[in-house]
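The letters A, B, C, D and E name the chains in turn, as written, and every chain counts its residues from 1.
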Amino acid sequence: MFFLQMLINGIVVGSIYGLVALGFVLIYRASGALNLANGEFVLFGPYICLVLMTALNVPFLVAFIGTLIISAILGLVVERLVIRQLQNAPTISVIMATLGLSSLLAGAVHIIWGHTTRTFPPVFPQTPLNLGGIIVTPVYLWSFIIVMILLIIFSLFFKFSKIGLAMRAVADDRQAALSMGMSVKFVLAVTWIIAAMVAGIGGILLGNINGVNPTMSAIGLTVLPVVILGGLDSVIGAIVGGFLIGIIQNLAGGYLDPLVGGGLKDVVPFIVVLLILMLKPHGLFGSRGIERV
Amino acid sequence: ACGGEDSASTSTSSDSSSSSSDSSGKRTVVVGGLYDITGGTGDVGTPYAEGEKAYFEYLEMKGGVEGLNLKLVGKDYAYQIPEAQKLYQELRDKEKAVAILGWGTGDTEALRQQVAADQLPFISASYSENLKNLDESPYNFLTAASYSDQGRAILKWIVENHEGDNPPTLALLYNDTAFGRSPIEDIKAYAKEVGVEVVDEQVIDVQATEAQSQLLNMEKKNPDYAIIQQTWGATATILRDAKTLGIDTQFIGLNWAAGEGIIDIVGADVAEGYIGILSHAFPYEDMPGMAEMKEYLDAKGKTIDDINQKFVQGWVAAKIMVEAIKIAAEKYPEGDLTGPQIREGLEAIQNLDLGGLAANVSFAPDNHAGTEKTRLGIVKNGKWEPITDYFSYRD
Amino acid sequence: MRNLFVRECGNYKTSYKEDMKLFGTKSEFIKWLILIVILLTLPFYASNYWVGMLTLCAISAIGAIGLNILTGFTGQISIGVGAFLGVGGYTTAILTTTYGLSFWISLPLAGIVTAVVGGLFGIPSLRLKGLYLAIATLAAQVIITFIISRWDSVTGGTAGMVLSRPTIGNFTFMSNSSYYYLSIIILILTVLYSVNLLRTRVGRAFLAVRDRDIAAQIMGINLFYYKVLAFIISSFFVGIAGALLAHYTMIVSPELYNIQVSIQYLAMVLIGGLGSILGSILGAIFITLLPVGLTSVVDLLTAYMPNLYQLFSAFKEFVFGLAIILFLIFEPGGLDHIWQNIKHYFKVWPFSY
Amino acid sequence: MLQVSNLEAVYQKMILALRGISLHVKEGQIVALLGSNGAGKSTTLKAISGLLGAEDGHITDGTIEFQGELIHNTSPDQLVKKGIFLCMEGRRIFKDLTVEENLYAGAYTRKDRSSIKKDIDKIYEYFPKLKMLEHRKAGYLSGGEQQMLAIGRGLMAKPKLLLLDEPSLGIAPLLVKEIFENIKKINEEEGLTILVVEQNANIALSIADYGYIIENGRVVMKGEASALLEDKTISEHYLGSGKDLKEGRSYRQRQRVVW
Amino acid sequence: MGPILEIENVSLHFGGVKALDQVSFHINEGEIFSLIGPNGAGKTSMLNCISGLYRPTSGSIRYKGKDITNMKPYERTTLGIARAFQNIALFAHMSVLDNIKLGRHTLMKSGVFSGGIYVGKASKEEIEHREKVEEVIEFLELQDIRHKPVGTLPYGLQKRVEVGRALALNPELILLDEPMAGMNGAEKERMSQFILDMHEVMNTTVVLIEHDLGVVMSLSHHIAVLDFGKLIGFGTPTEVRENPDVIKAYIGEETVLEGGKA
């Protein structure tokens, strides 16, 4: 029972990790860069949703869609004003720029919304569900469902849309992609828009769990092991990685923490990742970089 | 004397705010402030900083301190210790601050040696027991019961109020930082002394969004009480997950785990019955000490709804510092006030009446812990209500 | 794996070549001499505060040079510098405080211990590349700080340890200016060493590993050896910087070495210029002083609008981010590149091909 | 169809690569562009297809006209939509995509998605080797296989004007002939206009209608392909002297090709 | 002169693909040896096996009688095996000079200490080797571009720098993978002369992959022909030219008639 509860906990918590990790994967697929501002992207969503819900008094679903739209705009603006300017710069500069972005966005959040923790009016039912002795909070169940839906959407998207192909081509060789008639700008814009939207969704779910305050952006770094475990360029990897890390964390918390005096929960993902990388240098699902001479 | 001050006096710096007499013949005294506004503890750091500033503004409103030109120069270090170290240098060298109002445990401890070397009295919002040690921290002052004393007070309360036949059992929930671990050993030692059994300890990260594995582990030991040494975020996580899992342990938070914010975050429902250390008064409590603050708020066109307990806490810290400066200024009417003189001022404070905003404080050359007294409160109907008066575990 | 450091086309960096020229001509040498003299006389005319700030800059510069050797020259991104600074800091703390060793012995030992730890965490570089390696170093960061905060008996746990300033005979490096000299001299030695190293065989091998590791192998370069070597050398300097910093602030605690620190160092090398020693120094100065500058602006503004202090504080963060972004957009080559352009402007090379 | 006039281009604001090139390609023609290493051939093609920007290059002077429209300020993706497609030098296949995906990438701008599958099969007919490698990541292909893929990708785009940069690079002789025969065939059957840069002057001129020779960023000679084929200087410099290599040389006395 | 390199039953499989299938041949010391075959025949894979980038699935490779099948690539370099790549693999950001200097890596000694101190040992070594590098530069006529970053050079010149980098190693065995790709007739002739000089002046054994049969036939002492990973022909140019399998798979009837000129 204890084990099962840990397992389920891991999965539900992992679904949020997966969601946030997805944002990283999308950006990586299109530009080979790590979006270190992902955590701040996550931060924006719930604030916007909250403003829509409390200040404008719209129902949650409308606020949710509104948030998606505004997040999309945020993604677009970021791409236009920052990423596009660095089109010809090395990837590491782009990574650095996202770092700058994270500081800038965090500053913006502070300026606009201040420092206090805000809470969502209850959106999801508050009473925990008892599934045969295993207790799950509805918010987490919802994140699990949403993650699954997104997984399907993205898999289909990458399979059937040209953008999916273009994203990978752009990441592979930008100049060659241009010569194929792929608009690098368009591809990047779409990627950032989607990534911002995904982050927004993750943020809203997270905000429903623990309220919203600027420190929430820390999730950005927390999920890095997830992304790496799954493989930087794999959508399915992000999700599976999310579940795995969630489970590992909970099991470690459940069984190992009592032995070492606690605190392993936050370190264990990194240890696991280090070990797994030794066996699979590109994560579980990441594609191997090709080098031929 | 330290080298820092030596070369400062020979420097050609042309900073305006040096601690010399201005044209009106008043002596300028600069107090430095280190705030966290934009960092990890910004939610409590900001009202605290506002409280400190408010007190200085209030003083000015009331005509200031006789013969002194008192200034508070505060800077946001975003809870980054290296930044705090830089800003401290700036306060010391550029602003010529002679006393510091600090903030977190990490940065206070990081600056401990330095302030001792520079001889600048330092009051921070960290109530770490370490700082009581006069050999190691000769310039640090504690304005409220240390975390350890808070824990001891809780233990005393438990022993006195525990119902049931078996001796009370206790769990400790804290995070892996200097702040989190600060009282743990002392609490364990004291628990042993008073016959409370510590059955479990769990480490929960400051930024944890869930703590189910830890709580389930704790549940196995089924403690009667659990003491929380966390900030609001993690405390909220603990209370919520405990509710979800149907854990019936009585949670009791130290001062940073208590306060209004916790109710705001988890909702009155979940918070109901949660007990916490109330080291300072809430604005809505009708304490005599509130009069000054109300006067200030009126002048600013604000009400007590605009402030919270952390504001009060900052206000009190500033007030104690100013009190010390007044004493020092009286004793040393000539020349610039220096750090050691202000320290003397602080050490001369005897049973300073804070009008119920906090326990009265006294210092002495061999005691920098202002008080051991604190009180407990409980959340009832979405509001904190004190359940004890200020008391010391020794009482 | 994509090479993270190569822009898709065009605009090639020739910093290595520039390095060769750095001391190549007599006039250059004289210029550097003048610079050094300026640095060494600085405490005589700068305020105590600025001497303190520059000390911090110098210490950061040592660490940034270390990181640049790893990231800029060998192409291995590290997000673990913070923890390695900690290893240096704790080593010297333990050696001087617990074992009573002299600073002058513990300083190099701190470098060596950090080098060993860095080398250990460099072992995954055999198989990991690019961002995967970067995250592995992040893991190093998390694991090392975890160990430090848990190894109470040795490290004092989360409470940290207290250090004292170094002494020679009766003289203690207590004043800002004396510590400034200490740091600056070590910085100069670091610069001399790394500039020389990087223009000789080992440095070329580093660059080769960064640019095209397969070709490098065929040139007879043992990839593993050089990758780990880069970790070792880099960590050595980071360890030295950590030790210097620890004795400067006189405290070590796990919270001092968090990931923010790692990220700041990464920012130093990127803003300064990857693969440039001078860039590392400029970057260290920039990242150390920009917040200071912004604080002054905030103070200035607050003086007029005291009620907006909170807003301005947040603005600081905002502007900091903005500065980094603008910088990357308008000068992707880093501060080093700007410097080169300025130099180019004022100078006609006596013998340019 | 394509008119390049007095084109000047620089890299990194200082390296002058083209110094006033003028070219004319008529609809339905195959035009060959010859010249030694560094002459500026690739730069010319990149300029036409708008790809200089990605290499920090700029057109500083001159105009490019395609079907009566000035295009030197048009973005590369627009140019592909207009019907100009460049098979870049050095293959530049997408390493991480499979062979098939690379071909799909070639057809990125095409609207007639239904016939793409059919065209891919056609490419496999031209290059049976590719069919065998269909699902392999392109990065693992041999040099020549990659080159086939690059050409196939160009054909997939169904452009009006195809720019080929050294299609025969690294291709075995038998296949070179086949490729050029196919190019000629497509040109004749589908009226595809082609501008080809080639080192193998012999074979390029043999299928071309017209030829340009550029050196140091300038056109130094132009004419009907057949006439150029006959020219003696050309055969010496571009085809090699044909002398026995082992005769009469010492490396101190080597002659350099100077125009 | 005996064989410098002996390839024995070397096979190399990638999943289902047999890039090399039981290939055996040998290369004599001091000769110019060519490896030809259609695209994807396995020529580059063979060089990769020789230089250690691929490890054969089975079979062995002996260099000067010593089994090197399982040696690391960088170890082989120290034995005097150098290589230039088919797809240019230069260090694009470095100057021509530094690229070639890198070729001398194994011949130099300065390390972490002497290099960092520079004065003395390292500086002497740098100057000493600079002279050797200049010789290579002169040999390949790269004088006027020696300070240019190689990334900005035209394709043909980059190929030449690659050869130079390999040559700087003072190799006994040099592996050249299509060094003349992207060159016109005259340039090929020039590269051919460099190769002949390497062979004659420097006494290096040359292994050459090249699709231009004219060049191959006139330069090589021996030729091995691969097709689909199998060795389908081996011998002197004349022998290979007349081998019917080779004609069918690679040369083509007409080409032979044209006199070996593609």
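Operating definition for what follows: a residue touches a chain if its C-beta (ideal position, glycine included) is under 8 Å from a C-beta of that chain, and two chains touch if they have at least 3 such contacts.
All values reported here derive from a predicted model rather than from experimental measurement.
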Between chain B and chain E, the fewest steps along chains that touch one another: 2
Pair joined by more contacting C-beta pairs (A-E or A-C): A-C
Chain of greatest Cα-centre distance to chain A: E
Chain of greatest Cα-centre distance to chain C: D
Inter-chain centre distance, chain C versus chain E - centres from mean C-alpha coordinates, in Å: 41
Where chain D and chain E are represented by their mean Cα positions, the distance between them in whole Å: 27
Inter-centroid spacing, chain D versus chain C (mean Cα positions, whole Å): 47
Distance between the centres, which are taken as Cα means, of chain B and chain A, whole angstrom: 36
For chain A, residues contacting two or more additional chains: 88, 106-107, 110, 114-115, 171-175, 261, 263, 266, 289, 291-293
Per-residue multi-chain contacts in chain C, two or more chains: 6, 8-11, 146, 214-215, 310, 313-314, 316-317
Shared-contact residues (touching 2 or more other chains) in chain D: 11-12, 54-56, 140-141
Contact footprint of chain E on chain A as seen in their complex: 292-293
Interface residues, chain E side, partner chain A - complex: 44, 48, 53, 85-87, 89
Contact set on chain A toward chain B in their complex: 2, 5-6, 9, 13, 16, 106-107, 110, 114-117, 119, 126, 128, 135, 137, 206, 209-211, 213-215, 218-219, 222, 249-254, 257-258, 261-263, 265-266
Complex contact set, residues of chain A against chain D: 87-88, 162, 165-166, 168-169, 171-184, 186, 287, 289-292
Complex interface listing, chain C residues touching chain B: 43, 45-49, 51-53, 56, 146, 149, 157-160, 162-163, 174-178, 249-251, 253-256, 260-261, 288, 291-292, 295, 298-299, 306, 309-310, 313-314, 316-317
